[in-house]
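Two complexes, one shared chain (subunit A), two partners (subunit B, subunit C).
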Partner chain A sequence: MNWYIRRTLQALLTVYGVITFTFVLIRIMPGGPMESMRAQLIQQHQGSLTTEDMERINRIVETRVNIDPDQPLYTQYVDYVSSVLTGDLGQSTWHQAPVMDLLIERLPWTIFLMGSSITLSFALGITLGAIMAYKEGTILDVGLSSYSTFMTSVPYYVVAVLLVYFLGYQWDYFPIQGRMAPQTTPGLNYPFLAGVAYHLVLPVISVVITGMGGRALAMRGNSVRVMGDDFIRVARLRGLKPRTIAIQYVGRNALLPMYTNLMLAVGFMFGGAIILEEIFGYRGLGQLMYSSIGNRDLPLMMGCFLLITMTVVIALFIADLTYGKLDPRVQSGERHESF
Partner chain B sequence: MKERLHDKSNAQQTQDPIYQVRNVSVAFDMDRGTSRVLDDIDLDIERGEILGVVGESGSGKSMFADSLLNAVVSPGQLGGEVIYNTEDGQSVDVTELTDEELRKFRWQEASMVFQGAQDSFNPTRKIRTHFVETLDAHDADIEDGMDRARELLSDLYLEPDQVLNSYPHELSGGMKQRTLIALSMLLDPEVIVMDEPTAALDLLMQQSIVRLIREIKGKYDVTIIFITHDLPLLAELADRLAVMYAFEFVEIGLTDGILEEPSHPYTRALLNSTPNIFAPVEDMTAIEGSAPDPVNVPTGCSYHPRCPMATDACVESDPGYYETNANHGVKCHYWEDVDNAIPLQVTADETRQVDVPAYGPVAMGTDRTPVLTLDDAEVHFESSQGLFAEPDAVRAVDGISLDIYENEVIALIGESGCGKTTLGKTAIGLQRPTGGSVSFRGQDIWDAKDGHGDVEIPHEAIRQSLQIIHQDPGSAINPNRTVRHTLELPLKHYNDELDMGDRQARILGMLETVGMTPPEDYADRYPHQLSGGEKQRVTLIRALLMEPDLILADEAISALDVSLRVEMMDLMLDLQEIFDTAFLFISHDFSNARYITEKSGGRIGVMYLGEIVEIGTVDEIINNPKHPYTKSLVWATPDLDETGENEDVPLRKIDIPDARNPPSGCRFHTRCPEARETCARKKPVLVGDGGNTHEVSCFRDVPNHEYWDSPELMNDEPSDETPTEK
Partner chain C sequence: MSHSDGEPTPFERVAERETSRTDYYREILDRNVVAPLRILISDTRGLFGIGSILFFVFLGTVGVWLTNQPESTQYILLPPFQDAAHPLGTGRYGNDVLLQLIHSTPFMLQMIAGGAVYNITMAVIVGTFAGYKGGRIDEFLMTIVDMIIAVPALPLVIVLAVIFEPTNPIVVGIVITLPSWAGLSRALRSEVLSVRTHSYIEASRTMGLPTASILRHEIIPNLMPYIMINFVNAARRVIFASVGLYFLGVLPTSGIMNWGVIMNTAYETGSLYTLDTAHWIILPMIMVVWLSYGLIMFGQAADKVYNPRLRARHATTMTQETARTEEAES
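Take a look at the complex of A and B:
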């Protein structure tokens, strides 16, 4: 049990480290975010600066990045950490709104988009991989393996652009952008949910058909390896039903190494979301981050950065805590750490 | 009177055969030809017997096991007939069964126990699930079945509920193997095929399991086919023996008949090459040559290339079975002459003389400083469970003092997990002790490394003087480097005044010394072009090129075939004399330890749970063991001249206690048949009896100790050493 406590503390320490790192980035780096924001404001000011103007600019910078340069360094640090921990990530310069609110508004959409993409690509990839392993060496296996290898090497955004072009512009089957149908009210009503699902189709497809191949190949390899293990042979001799062997013996054990991969994929989903959301004009977190770079909206960029790191830390934390449930050999947690 | 048998059922007087194997072959199609890994086998197996099948690795014994259950792995092709006779007189040909019939046949009529019990269970399911799903798959009553499972498990000295609720990885190797035996008997099969069921286990566990198999066979009335490479193991277990060589049975007969009058040259060679604890060392010889390639089996008698008696007739015609007597068949044209041509090694009770080694025990009466001194060394591994829990310490080495003298050979033996490897690594400075000290010629190794105090011998020099040979030569040599390159490195590193020519000369000279000729050829090979024995020689040379004073040989011969072991040990001893080194030889096998120490006049140390419980010369340890644990190890070492056939296991419990939570008092008291209450409270120390090399840590060695007045320990004391404890 104590391992869990240690693991939790470790996760908290990582989160704390990330916050500190963003502080260092903002405050200490020469020409860092604070400097450039000040320079930006000075440029916008036009005309000569009085001391008053300077003070005003400093105040603005201060509220936006949560750092008061007049305080001693450690006070600044404590202030910054405590405001981040209380959910105050500063003020977006472009949107003129708290970063936290912006993130919270976008977050569910991205989680929904990437969550369904990852779930689908894993589910399909694993099924396909298991089938390939069982048909090892047949035409089906060779064909699917070649297909998977090919699709893995195609970037998802290429597929995305093709999908938008053909299914969106040319044949008009699916909406080419947006995240919900117009004139629907968000909530648990059919028109809204149907619209959301409809808008989700193209982006999800482009991630799934490119991402699934790699999972399928990994699953195939794992399954083939497990099928060579002695306990499979013993299970066959014991007369177990092929279905039991396929699911409980081969599948279960071949899945184990995929689990950490899944959790890592969760961590990377925001990175992937940037381009995907841009292509489909999907107003999610990725698009927000992309535009913040374009707008030089530093507090917002910092907020996104923090959020992504937190997600990775939390995903790995969950992976570690639950891995023991999947594989009893690591129940004590001593020998397994996914990072 | 040579009489060629016409009936292929060969020399077996079976009344009620449960299996009739006829013309069975297994073939694999390979690029370079058809590989016949089972070649036209005929054999009857009597209902209710224990048939021992013995052969070297690669002789086709596993294929024989598989073919009995029609479980040959594709692309292997099984040919011939495997007739199975049920108790009520029906006969079926196992090779003709449909998939569904076969599914029922296996495990209900005939089941199998594999060597790899470690991998025979699904790691993600509990043991109970394995039992339940087996019952379920065969539509058996779950409740009755589980009752039977519990009974089987407790018959095998396991605690049923504890085992059933465990995951496979929570059980020790011996426990898993016994659980697998229980699982194989779950559906009350008529036949159990056991394929090397004890190969991966310690001798003591092997012997215990063999006893249990015999007990269980009596109780449940099954036929057992026991397959192994280990002839001595079968001597005690099997009713009949079948010796396999080159994919066929070369000799079949009653166990006693085969052991007393082996009539095939191969059987005799096999017997002679088996290290035997009581047989004189000089008589052990390795079998020359190597086993044939299944694609290219020699014509005529397949043994003729290795057989000292071979004639043209052997090359031309394949011998059939000759009957030496009603119960004994042999495939050799000249079986009547083997007695003279290949004499058996002298057996123990005839001329057992304590051979005086070339020089007396090194440790005695010398005032030389030892090469290496361990003083109360401790290595505790902490497996901390978190911030707040008391860390569990595995006391791998717990307060051991030992002196190793110049040129001495010390063998450490003990079951796996007793800490012998850790002790070895501590001795040569690869493992930092958590307590006590390790010194090389008076210089503390770790002080030298850390630069504490006055360093008389620099760490670099110590490092060079203490070398190691690992168990698995395959992973100890870089596969991408030639032998020459591998051997050059130590020379370049420690002996840089040598020029290239000298280096080459040394390497080639060494290769020649160890018998790898022509050396130029071997020097340019890569490890995968060498056999296991040759690889081990390369690691031996690599260690010796450093001109060390002490070499740790950690199970260095365990990975080799039995027939190669004696050869390798001889080589190590020859080189030891040439190079003036001491050896610390770690083994789990008493016979090997005896062989190497007896030839060199060394000592044997017996370890149990991190402590040395007895140490002394070979003679003292083998012929006069004092510690009950040593006695049980000696008991467990296969002995061809089995006398007390039905001796009980000299242990109260079969399984070793958890090293994280060792028993109080004497650590052996939980298993010791002689334990009394004192043993659970007080801890004996290692003491000698004055001027002798023999030291033992047991109260029984102390006259007038309170032990003798103490009541006997009850068996049902609370077991505080459940191995599955978290």
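Take a look at the complex of A and C:
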């Protein structure tokens, strides 16, 4: 089968699998969201329940989670999947608004925050790793390696809390929360963009400072391995410029394995947005999901989960397609003899 | 086919050297416990790693047994290193911070062990099986694994934690790393791919050994260094995610002793506003970083343990001769 078609099918299958998973979680789990919501509504209702009351309660449950308890299970399932696919994620119980509207407003901010964190941590990590590899064995290499190893054992939220504490509360250099400067209008104007960048500094630093180390070590390892390969010796013997060898020969081959690293980082970082955004009071998707937990707003929580997952699946899909262009080997597909 | 004279048949041949039972056990102990420990200790990183791990295990067992439960006292927010009765100071409710840290350790350790063992078991079973079997089975398993990898772990874990509200440390450890085995199993699979066509594995297959025993006796021992490092990484993942979630208060915190819970209480009561109260939140952070750094150092040093040459040099029961044959075998 064509590699592109297979990859597309797989992405679609993942989306479908996640939607089914949320359905199972909401509908089938004993004591799960739907049952507890119904129990709550029944409890709120004083006195005896008539059939009409029951129906009214079922209606409310349906608008909130897109599942009508009256219908047979398979109809519930089909209804749920089709409404999610058409962008209807139900009604938030806390905000009294469609979940989708709440999410769409937050999504760009999270993509912006996490996108810049991922880009910066990879760019810096890769550069640092390449430098370390070229200075292998020197004090610089040993020092940076030990520093990187240590930084991989520090969770990003620890750095985040310390940064807020020192640069925010104690010395007042950076804002302690928010995503944009007050009294600015969103758009392409300087005060707004400067405010956004200013609020972005601390969260991005806390991700970059902790995430960079691991990437640098991985890049260092790859480069050192590639530098020992025969084709590098041949390139040197052919009298190519060291700069050309470093970038075109070593750099390119050392970078390709970093791609898997990037794939895993995308999911990890978008997931981490929940903790990061909460610490910095950054009003993005993660912070919305966190607040929905506090409010026991289960439709909103499920919506956030679905949207964060979709974002990651799409990001991985795009990354995969571009990787196929960089390294033609993956497209041929690796199929191994079966034992 | 005479049995009495000449060369004995292969069925009658006995070992030239007799080993008593105690000798046998001493040898096993020496090769599998003493020699690896010697290698670990001979390396600074290994010494630090194993020292840190033993320190935390000590804290979580003997430490808990020696000290009292942290209780509220009248000393509120005492700074550290001021009072001999409360060496690390106290929190907002007058709880001794040192006692809180000590009594949180058993929960942390159980959670880490639960999560790490679960992850490695799943990853090893799926990864080695898929990599060894190849073909359609491999394709099928890897499609599922890729789907799991694409789902961001933390939101999934939060959803599960909110719905199920786990409180048992081992269950918390497993729930927190529920999807993480997928990434590990993919990495293990590619390692298996590089050894599956080796001649000795081919030989076992030709002899018709069952897949399970080929995996157990031929493939997994080859991957041990790799598995060890991933075990340590899985343990770190449990620490990072669990402390983060307890810190946010996503997992049920009431009645649970955990470094993340201490950070949560400190954070919620405004420990960040002034320097006098910061020790309450910074000390648990130091514990987290210390334990995970110790684990990394242990993982790096453990790599050496599986180097047969080094192990032979450190084992006393091994002569140069047996060491060389062992080396040739692996």
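In the analysis below, the second predicted complex is superposed on the first by the 317 of 339 C-alpha atoms of A that agree within 3 Å, B and C clash if a C-alpha of one lies under 4 Å from a C-alpha of the other, contacts with A are read in each partner's own complex, and residues count from 1 in each chain.
As a convention for this text, a contact is a pair of C-beta atoms (placed from the backbone, for glycine too) under 8 Å apart; a residue touches a chain by one contact, two chains touch by 3 or more.
Remember, it's a predicted structure, so these values are computed and weren't measured experimentally.
With both complexes placed on chain A, subunit A has more residues touched by C than by the other of subunit B and subunit C. When the shared chain is aligned, subunit C comes close enough to touch A:T309, but subunit B does not. Contact with subunit B, but none with subunit C, is seen for A:D327 once the two complexes are overlaid on the shared chain.
In the superposed model, A:Y173 makes contact with neither subunit B nor subunit C. After overlaying the two complexes on the shared chain, residue contacts for A:Y290 are found with subunit C alone; subunit B is out of touch.
Of the two partner chains placed by superposition, only subunit C is touched by A:L264; subunit B is not. Of the two partner chains, subunit B is the only one that A:D229 touches; subunit C does not reach it.
Put simply, subunit A touches subunit C in their complex at residues 10-11, 13-14, 17-18, 25, 29, 32-33, 149-150, 152-155, 157-158, 161-162, 164-165, 169-170, 263-264, 267-268, 270-272, 274-275, 278, 289-290, 293, 301-302, 304-305, 308-309, 312-313, 316, 335-339. Looking at the complex, you find that subunit C touches subunit A at residues 132-139, 143, 146-147, 149-156, 158-159, 162-163, 183, 193, 196, 205, 211, 236, 239-240, 243-245, 247-248, 250, 263, 267, 272-273, 275, 278, 281-282, 285, 288-289, 292-293, 295-296, 300. Listed in rising order, the residues of subunit A touching subunit B in the complex are 1-6, 9, 229-231, 233-241, 244, 248-249, 252-253, 256, 326-329, 332, 334. Considering their complex, residues 69, 71, 73, 103-104, 106-108, 111-112, 114, 116, 119-126, 133-134, 137-138, 167, 169, 180, 183, 383, 385-389, 726 of subunit B touch subunit A.
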